[in-house]
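Pasting the structures in now, so scroll down.
The following pair of complexes shares a single chain, chain A, combined with chain B in the former and chain C in the latter.
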Partner chain A sequence: MEKFDIIIIGGGPAGLNAAMRLSNMNYKTLVLEKEKVIGGKLNQWDKLFPDFTPAIDVLKYLTENIKQENTQISTSTSVTKIDKSDNLWKVTDSNNNEYLADAVLITTGFDVFDARRKEEYGYGIYPCVITSVDLEKMLETGTINFPIETSDRRRRIAFIQCVGSRDEKSGNHFCSRNCCICAVKQAIEVKEVVPDSDVYCFYMDLRMFGQHYEELYRRSQQEFNVNFVRGRVSEIAPTFDNRVVLKAEDTLLSRPVKMTFDLVVLMVGMNPSEGTKTLSSLLDINDEYGYVVSQDEHVADNLTNKAGVFVAGTCKRQLTVPETMKDADSAAIEIANFLNRR
Partner chain B sequence: MNRHHWIEYQKAVAPDHYFFGRSCIRQTFFTGSETAFIDIVEKELGLDICDDARQHTCTGIGYHSDIIPFLTTSTVIARLFALMTEKGYKNYVPSCITTFGLMSEILETWEHFPETLAQTREALYKATKREFEVPENISHPCDIIYKYRNELKQKMKYQLVDKNTGEPLKVVDHIGCHYAKIFPTKGIGGAEFPEVLSGMVESWGGSIVDYAERRQCCGFGFRNYLVQADRGYSVSNTYKKLESMAPYEPDLIVCNCPGCTMFIDKWQYTIAEMEGKTFDKYGYGIPVLTYEELAGLLLGYDPWKLGFQIHQVQIEPLLDKIGIKYNPEEKFASASGKQLIPPEKPVNLKV
Partner chain C sequence: MIKFGYAPVVSRTLDLDSSDFSLRDELIREVPSYKKCIGCGGCTSTCSAHQHTEFSILRCNMLFRRGKYDVLEKELDKCMLCGKCLLVCPRNVNTRDMIIKMRLLVQHKNKKQ
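Showing the complex of A and B:
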């Protein structure tokens, strides 16, 4: 059974950043990634808010700076079992390999909310309804595919925020924190690809908390004429010509609105990934959603109440990419301290 | 239409031994529906159903019009449960969607606020000396027909198919708001795309029309209709629905709620009188059926025994389309065979 200093479960931005830091400190590191390729959600995003950095650049930076001789990466591998054995952690993977390590770092991240659960929005039913992840794929190719052809009218595109977040019905009370600014970014990108279009964002409130977010929000209105409507969408239904009609309430005008769109983009929220749910429950460190609970959010946020098990990134809560990277940095420091004390 | 997430959701429907609760509205406006349901359960499916003559209102319309308070309503409903208990049944089958929604609401309230159940028991006992068990299962008759839709299909003489073209008939399903919009888990397929009627239609050969105002209320809305000054809201709701479905040229509308069946049917006459407008190509209107009437027709029951004479939009064009045999002479014949005077014809809606 091979022994490592640290096993990192999850090869997304948090896992790779921690692997980069720890391998450069000469710790023998194993990264287990359930997908065929490493990179996690960086592979699903074209450009990152708020400065339109290509996601691939971040991924490249991480992979180029991991110290290869100290790092082993195993893809298409998920964890099925994890338990303590003589002061070490024994991890069993989906290929029945067993590994030992002094420490384990959980970086299993998030999955986007399954938009089909909000049936009233018609995802998977009407081709005009897509998610922010689908749009990102289109933006990568530089074209927006409208399901219905037209030559004689301006295109209309809607963004709906808080899909599967802050929502009693889907059981997710939390804010996903990324989707407001992501919608602003994507609205600008859509206007760049289809300048002859009208873009509307339907929001509950716009949470522009990060540096440069407000500025981007202002630019989207002043330079790109993106319209923001405060009101939650109640339902989306088909029109006779196979577009979709959206019903909402404009709560600033106190009026119901009903508008027809060529494309509706659902800003899907962040849920704990299946891997996050499995591990948090295997280790009994899960919250009500299945996120991993850290030991103390204020002073020990990379520790768990299992000695030698650490946590970083969006398997813990909703974080942006820069926040995730910094969280992984601090996890690497905690792990190095832990290993040095041994 | 692609399948959706909730389609997999099936609520528990008791398989047999039903205590039937009749509907005030349905017995008046859809006179053959409840008898057809009992016949389908007993004769077609060979199951046991109790039709107790002592039953009474659920107070639903009064409750939703804010003239009857909750405790009164829950006590009246408790009396219905007491009748069921006395007869030895555990599965309540309320014919009306209003009763179904109200019973669901009351059971949920009792669960979360057990003191209201204790108050209800006390009030019922003081008033009637009766006691009751909470039903183990509350299913609407449409749940039961849905559950046995494929068994019924085997017995059907007709399909929802145009006999001339061989094409499936285009059917609008309209689900009563109180079926699953209040408690999504109480309805088959959830609240947004309930499967209960579309499942029957598709099983019986028809195709479902998905249109913009599919979830829009029928227009009844209790006070929107009951307060005369508000009736414009009621008509305009129905108008909005009909206008939205019209381009798809539906052959029929099927409903599971008595209010919806009545208003979508009768407001077609009102709109035709007010605006000279009908929502089909030929000026006859779109027929509106209860699901039991639909099942009964396909099983070969006599349309006049099912009560289609009393509908506003007349059924004959649909019968001809499917190829269902009927005797026009018997349309307005009494039970003894005497010809009754046919009702006056509307000006704008053809019959």
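Showing the complex of A and C:
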């Protein structure tokens, strides 16, 4: 059974950043990634808010700076068992390989909310309704595919915020924190690809908390004429020409509104990934959603109640990419301290 | 006296100092979820009464919160209690129950005065 200093479960931005830090401190590191390739959600996003950094650049930086001789990466590998044996952690993977390590770092991340669960929005039923992840794939190719052909009509695109977040009906009370600014970013990108179009964002609150977020929101209004309507969309229905009509309340005018769109983008929220849910419950460190609970959010946010088990990134809560990276940095410091005390 | 047709202009300010909040605790006891409304408009967007009249359940909630019971009684009568709004509310406000209890409370209060 091979022995490592640290096993990192999940090869997304958090896991790779921690691997980069720890391997450069000369700790023997193993990264287990369930997908065929490493990178996690960085592979699903074209550009990152708020400065349009290509996600691939971040991934490249991480892979180029991992110290190869100290790092082993195993893809298409998920964890099925994890238990303590003596003072070490024993991790069993889906290929029945067993590894030993002094410490384990959980970086299993998030999955986007399954938009089919909000049936009233018709995802998977009407081709005009897509998710923010689907749109990101289109943006990567540089074209927006409208399901319905037309030559004589100005295109209309809607963004619906808080899909599967802040919604007791889907069981998610939390705000996903990324989707407001992501909608603004994507609205701008859509206007760049299709300048001759009208873009509307339907929101409950616009949460522009990060640095340069508010500025990007302002730019979307000033330079790109993006329209914002304050009201939750109650339903989406098909029209006779296969577009969709969207119904909401314009709460600033106290009147119901409806409008027909060529494309509706659902800003899907963040849920703990399957891997996160499995591991957090295996180790009995899960909250009501299945997120991993850290020991103390203020002073021990990379520790868990299991000695030697550390946590970083969006398997803990909803974080942006820069926040995730910094969280993995601090996890690496905690782990190094822990390993030095062996 | 020459009449110029002027009249004093009444302030439109919602004067919360003169609001009556006496029913608030009772409604909270009966329908605790009433407090959770975030004013998103999901309910009004789906409400048939709101499509054709000025009636707005969201506005009723806000009037009640601000202690403006006098205008409320007539408003509350326009709800058909169909419950459509219940299906969309992201905060699971028990909207229909809220309307019924509000109506009872306000009617009782206004009768007494």
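A few points about this structure:
Basically, the second predicted complex is superposed on the first by the 342 of 342 C-alpha atoms of A that agree within 3 Å, B and C clash if a C-alpha of one lies under 4 Å from a C-alpha of the other, contacts with A are read in each partner's own complex, and residues count from 1 in each chain.
The rule we apply is simple: contacts are C-beta pairs under 8 Å (C-beta built on N, C-alpha and C of every residue); 3 or more make two chains touch, one makes a residue touch a chain.
These numbers were taken from a predicted model, which means no experiment stands behind them.
Of the two partner chains placed by superposition, only chain C is touched by A:251; chain B is not.
Looking at the shared chain after the overlay, A:7 reaches neither chain B nor chain C.
After overlaying the two complexes on the shared chain, residue contacts for A:167 are found with chain C alone; chain B is out of touch.
Using the contact criterion defined above for the overlaid structures, shared-chain residue A:48 touches neither chain B nor chain C, since it reaches no partner. Ranked by how many residues of chain A each touches, chain B and chain C are led by C.
Of the two partner chains placed around the shared chain by superposition, chain B and chain C are both touched by A:120.
Contacts of A:267 after superposition on the shared chain: neither chain B nor chain C is touched.
When the shared chain is aligned, chain B comes close enough to touch A:237, but chain C does not.
On chain A, the patch touched by chain B and the patch touched by chain C overlap at residues 120, 235.
Chain A contributes residues 114, 116-117, 119-120, 124-125, 235, 237-240, 245 to its touches with chain B in the complex.
Per the touch definition, chain B reaches chain A in the complex via residues 1-2, 4-6, 190, 192-193, 210-215, 247-248. By the touch rule above, chain C contacts chain A in their complex via residues 38-46, 50-51, 56, 58-59, 88-92.
Across the interface of their complex, chain C is touched by residues 120, 162, 166-169, 204-205, 230-235, 247-251, 254, 256-257 of chain A.
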